[in-house]
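Mind looking over this structure? Questions follow.
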C-alpha cells in the first residue's frame, strides 16, 4: 500500500505548487496589461514635447480649446507650419511636416489618452477648477515621447472627485456627471 | 428488558403463533439481513451500469449539449431570440427558476424536518431527497445567469471590493435571491455530504480501483469510532435545525422578487407562505416520483417499502391541502376586492387567453390531493408516480401563470402584451431538466443511494416484545 | 478612502435647489409624433424593424397613446404622450441589483447604460412600462452612424434604456451656465421633444422655482398625474384637454 | 476595442485575470481628426449650428443643423424663423436620414442593359454632361425637352424655366402626389377666382374662435403643418379670450379630426354642399351680428337646405345648429381643405367654403382669411403653383407621340405616384432620353437612362419662398451644413454647366458661373429693402447674414386684406360628385389619405419615419385597410386579417385595422408604401394605394380625382401581424374601467 502513500504526499505538495503557478500567471497578466495600456502609441512623426516645452511654448498654444471646450484639440498643420516654415526647416522631420502642408493633408496623429464611448469628459470645467495638465497627462514637458502616465479609469477619477470640497462632492460623484 | 435480536448470523425463529402485520413483516424481513448483506444490497446497483444506463446518459448528455448551444446562441445574438417582449419582460426562464427552487425544498423537508420529528420512515429516502435539493438548486442557480441581458457582467452582482466604489444594491430582491440560494445550496450540499461520510467509509472498504481512491478521499479517513459517530450526530442535528430557516427564507425571497413590485396580482402579502407551501408540495411530489423510478430501476424494493410511500403520500396530501388553502385565500381576497385591473387579470386568467393553463393548473393540483387520501393509491407505485408527475405539471403551470400571466396586463391597457416561448427558451429549459436527471443518475451510480448507516441505526431501534399473547414491535430511544 | 454616497430615493436631503419637471397640455397635443422622432434623433434610439416592432419590441422612449371613446358616429379619439415620469418614489430604483438606476439630486431617475446587466426587473416593476430593452445589438447601417449624437452613449444589446429628460442637454446647459457665470433661465434648456413640439404641448422647467412656467401651469385646475394613486409621485404633470385654461 | 481594464493598487489581483471580453457597448471613438487649415467658426468638441431650410415638404420651415466634427448630428427648428418659430414636425426631424441614408447614389450613373435592368454604371460628371449637352443640341425642330418637377425649391424654378425657354421647349410641368392630395393647385385657382391673386391664402387659425375645417387635415400634412400646428396650440390654450372650437367635416376621422371638438362624418364629396347649406341658413335666418350680408345673398339663391340635408345625410337641425355656431362666433373661419380636391366637384366645393368666409366678412379680419404680403423683389415674387393634372395629361400625350426628345425629372416619382391609367410608364418607352435627378434609385430612376443625383438638402444651396407664407413675407435660405458626402452635384449646377457647354442663347439665359453666385445675386435684390430684419451695410455683409439668420423676412408682421375681385355675382351650386365603378359591383368609397410619417411615399426611405407609429392606428412599417367595426363584422374580418381591395383599375391586399372613426360605406388606405425600389427600408413593403385609383368615366382628364374611386373588399382568409404600438386586447382604453 506504500505506493498509495507516496502518491498522497505528492498530491499534497501539488496543490500549493498550482497556487503559486496561478499567482505568477495573474501578476504577469497584470504587468503585461499595464504595459499595453501605458505604451506610447507610434506616431506618424516623432514629435518631441520636451524640445518644444524647453523652447518656452505653453500647452495652450498648441492645444487652445482646453479652456473653452470638451476637447483640448490637436494642433492643425497650419499651427506647426506657422513656426516651422522658418525655424529648423532643414531637419528631416520638419520636412515631413511641410510635405503634409503641401499635400494639405492632416497629420494622422495617434491619440494618446482616450475615453471610452460612454464617458463624458470636458476639459473646460476641470481647467476652470484649477486642475493643471500635469495632473492627468504627467509632466509632458519632460517627455520626449508622450505616453499615458496614468491609466484613467473610474477609480482614478473618483478618487480625485471625492477629495473636492464638501458641497461639490455630491454633484461630482453623481453617476451622470461622467456617464452619458 | 427489551430482548435484543442477535446482532448477526443465523435466522431468528419468528414467534410461532402471531401473524405480524404486513408492515411489521417487511421490517422483520430486513431484520433477517445481516449487515454485510445490507451493504451488498446497497452497493450492487451502483455497479450495474448496463447498456440502458449508458443510453440514458447519452441522451441526457445530448439534450444538455443542445441546451448549451441554445444558450450560447442567445448570448451571441441577444435576448431577442427568446420570446419575451415589452411588457412581458420575464418569461419561462423565471417560471422554471421558481419551479426548480420549489423542487429543492423537498430535500430539507425530509431530512431536516422529519429528522427533528423523529419520523423513522424518512431513513431510506433522506439521501435521495437531499441530492434532489442540491441538484435542483444547481439548476435553479443557472437561471439568474441565463435570463441576464449581459451575462458577461454578472460579476457586478457579487460584492467584491473594487476601486470604483460600486457595490451591489442590497435593496434589490435579486440580491437577496443570490445570497439565499447560495446559502441554501452550500447548506444542503454540506448536509448531504455529512450524512454521506459513513457510507463512503463502508463503500471504501468494499471496492477497489478508481472507486476505492474516490471513496477513500470522500470518507476523510472515517473509521467509525464512537467519537466520530458522536460528532456526526451532533453535526447532523445542528444542521437540521439551522437549515430550516434557510429553507423557509429561500422561497419567501423568491416570492418577494414579485411581491415587492406594484404590478397588479404580484403585489400581495400572501406570496411568501403561498410560494413556500407550493414549493414543499411540488418538491415532495417530485421526490415521490423519483423514489418510485429509482426503486424500480435500482431494485431497492427491499429498502423503499410501501410504508415509506404511504407516509410520503400522506405528507404530499397534507402539503397539497396547504397549497389549496393558501391559493384560495390569495385568490378570494383579490377576486372579492374587485379592483378593475385585478378583475381584468383574473378574467383573462379564468376565461380569457390563459384559461386552458389555469384549469390545467387547478385540476393537476387539486385532483391528486383527493386521490392520495386512499392508502391503496398511495402505496401503488405506478399510481403514485402518475399523481406526482401531474402535481409537478400543475405547479409548473402555476408558476408560469404567476410570472408571465400577470405581466401581460397592467394599469395602462395601451401597453398590454402577449408572450410565446421560442425554441431557444424550450431548449435551455430542456437542458436544465436533462441536466438534473443526468446528475441524479450519475449520483446514484457513484454514491450508495440508500443511507446504509441510517437503516442499520433504524434497525437497532426496533425489536419484538411479547405482551401477554400479543407480539408487539417496540421502539427504543437511541438518539 | 471615504465611500461615495449613492443618492437613492430616500436620501433626498442634499437635493440641489432644482427639480426638473415637465407639463404636458393634452389640449394642445395633436399626436403628430414630432416628439417621437426628435427623441430618436437626439438620443441615438435604435430602429428595430418590422418583425421586432410586430412582436412589441419597439424602443420609443416617448410614445403617443391614442384612446377611443364612444361608438361611431359620435366617437372621440384622444392622445396622451407617455414618457418616463421621473418618479420621486420610483418603483424601478430599489429593485435594480447593480445600481444601474437611481434618483439624482435634481429629481431625475437616472439610467446608467454601461452599468446595466439586463435583469429587466425595473422594466417589470415600472407601472408606466416606459423602460425599453435592447433585444439585439442596435445597428446603424453605414453611414447612418454619422448622425449619432456624441453626447449620448451608443448602447449595446442586453441593456434597459429610457427617457432621461435629455440629460446631455441639461448637463451641457449647466456646464455652460457655470462657465459663463449667469444662472440658467427658465426655459433656456429643453429636452429635444419639448423643443420640437409644434403646438407647444410639452413644457419643461424647474418645479422648485415658483416663477417657472411649469410651476405655474402645474397649479391649473386641469392638472392631473398619470396613475397618481400608486404614490410614485411623478415629475410629469398632465393638463386635461377639452377645457379652457382661463 | 480592447477595453484596457487595469485597476489601481492592491485591488489589481482581484481584477487582474478578469480582462473583460470586448463585448461591452460598441465603442464609437469620438473621432477627432485634426484640421489642415481650421475653419474659424469651428471649435472642436463644441457644436456649430448652420441655418437652412427643410425640404421634406413644400412648406419650407427654417431649420438649424447641429454639426460636430463636420458631421450633421441634429436638426431643430430655427427659433427666429417666422413660419415655424423654432418648431419642427416628425418629417423635419428625420432629415438627417436623407443625408446619411445608406442607399443614396454615390455618383452619376448610367443605366446599362436597358431601362428597368437596374444595372447602373458610374460615370464621371464631365463625361455625362458632355453626352447630355450633345443630345440636347440634337433637340429642336420636331422633338423638345420636357421637364417634370415635383417638390421644386423656389431658386431652381426660374433657372429651369429660363433653360427650357432658351431651348425653345415648353415650361416645366410641376406635379407630384403630395401637392395633388393637399389640393395645392385648386387652392391657387380658388384665390385666383375670388381675389385675383396667385398667392395661397393664409388662414389665421391662431386667433380664430370657431374653425370649420372641410377636409383640411391642417395638423398633419396640409400646406404648412408646423405653422398651422403652432397656431392650433395658440387657438386652444394661447388665447386670453378662451378656447377655440374646431369642427371637422370629413368621411374619416383624421389626426386633425381627433383634435377637433366635433367630427361630422360627411358623405364623400358632399362637404361643398354642406357649406352651401350652412351659408343658406345663415343668410335666410340672418344669423350672426354681421348686419348687411345681403349683398352676397344671391350666392345662395337656388340652394335648398332640405336637398342638402338628404344628399349629405345630416339632419336639418344639425345643419342649423352648426350654422348658428359658425355665425354667432366673433372670429370664425372656414378652411377649404385638400380633401375637397379629391372629388370631381373640387372647385365648386372650394368656392362654397370660401363663400362662407365672404358672407361672414372674415376677409382681412383677425382670425379670418388674409393674403400674404409679397416679398419686395422680383426674384422671389412669382409664386410657383403646381400645374393642373391637365398639363400632365398633355405631357404624356407629347411623350407618347414622340415629340419629347429629352425628359428630365426632378423632385417627383411619377412612376410610383401616378395611377396606372395615366399612361406615363408606357409613354416613357418612346422618349429617347430620360434623365432623373433623384439622389436615390427610386421607381422613376429605374426607368431613366441617366441618374444625376442631386445633393440632399443639407448639402446644397438655395432658397424657398414660404407658400403659404407666415404672417409676413418670408424667404428661407438654404446653405450646406456639411460638405457633400459623395460625388453628387446640385441640379442647378448641372443646368448652369450644361448652359455654359451649349453656349449661345442658353449661356445668356444662365450667365452665372455657379450656384452660389446666382443665389448671391438674387438675394442682393433684397439688400436695399428697409422692412427687412437684416440690416447690413454691404452686399457681402447682407449675403453672410442672409445665410447666418436663415433667410430674409420683414421685421413686423404685414399681411394683405384680400379684396373680392372675382366670383361674387352668380349663384353657387355644387354638383354631386361622380365616382368610378358601379355601386353594385363596388359598394365602398375608397379614401386614400397621406400618412403623417411617409407623406406621399417620400419618407419611406427613412427608417425613423417607417417606425414612427401612425397617430390614429399606431401601425407602422406597412400598409393597412381601415374598416368601420360594422363593415368589418359584415365582411367577417377583424384586426390583422388580410383583405383584397378591388377597384375598376386594380387590386391590392393588406391587413385590416378595425377603425371606429370612419363611415361604414368608406374604407381608408394610407399612401406611402408599396415601393419596388427607393432603398432597403422602402422596397417590397406594403402596397401602393395609387394602383387602385380609377379615372372617373365622364370626367375629361383635367383633374386627378384621387378620392373618387369605389372599391370592393373581399376577405382572403390569411392573417398577418401588423406592427402596432397599441395592444389590441387593450381595445383603445386609457385605464381599465
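Should a chain be cited, it is by its letter among A, B, C and D, assigned in written order, with residues numbered from 1 in that chain.
Following the convention adopted for this analysis, contacts are C-beta pairs under 8 Å (C-beta built on N, C-alpha and C of every residue); 3 or more make two chains touch, one makes a residue touch a chain.
What you are looking at is a predicted structure, and each value in this text was computed from that prediction instead of being measured.
Contact count check for A-C and C-D (C-beta pairs in contact): higher for C-D. Chain closest to the overall centre, judged by the mean of its C-alpha atoms against the mean of all protein C-alpha atoms: C.
The centroid of the Cα atoms in chain A and the matching centroid in chain C are 36 Å apart. Averaging C-alpha coordinates per chain places the centre of chain C 31 Å away from that of chain D.
The distance from the centre of chain B to the centre of chain D, with each centre set as the mean of the Cα atoms, comes to 67 Å. Chain B and chain C have centres, each the mean of its CA atoms, that are 46 Å apart. Multi-chain contact residues of chain B (touching two or more other chains): 150, 153, 162-163, 165, 411-412, 414-415, 417-418. Residues of chain D in contact with at least two other chains: 7-8, 23-26, 28, 30, 725-727, 731-734.
Taken residue by residue, chain A touches two or more other chains at 116-118, 122, 153, 155, 158-159, whereas all remaining positions touch fewer. Those residues of chain C whose C-beta lies close enough to touch chain A in the complex are 1-2, 4-5, 7, 14, 16, 102, 104-105, 108, 110, 112-115, 151-154, 167-168, 171, 175, 178-179.
Taken in their complex, chain B has these residues touching chain C: 77-80, 84-87, 89-90, 144, 147-151, 153-154, 156-157, 165-169, 171-175, 178, 257, 260-263, 407, 410-412, 414-415, 417-418. Residues 1, 3-4, 6, 8, 52, 55-57, 65-67, 82, 91, 94-99, 115-121, 123-125, 127-129, 132-137, 156-160, 227, 230, 232 of chain C are the ones touching chain B in the complex.
Residue ranges of chain B in contact with chain D, taken from their complex: 150, 152-153, 155, 160-163, 340-341, 343-344, 348, 409, 411-418.
The touching residues of chain C, when paired with chain D in their complex, are 25, 27-34, 36-38, 40-42, 47-50, 53-56, 58, 60, 63-68, 70-73, 75-80, 113-114, 137, 141-150, 153-156, 159, 192, 195-201, 242-246.
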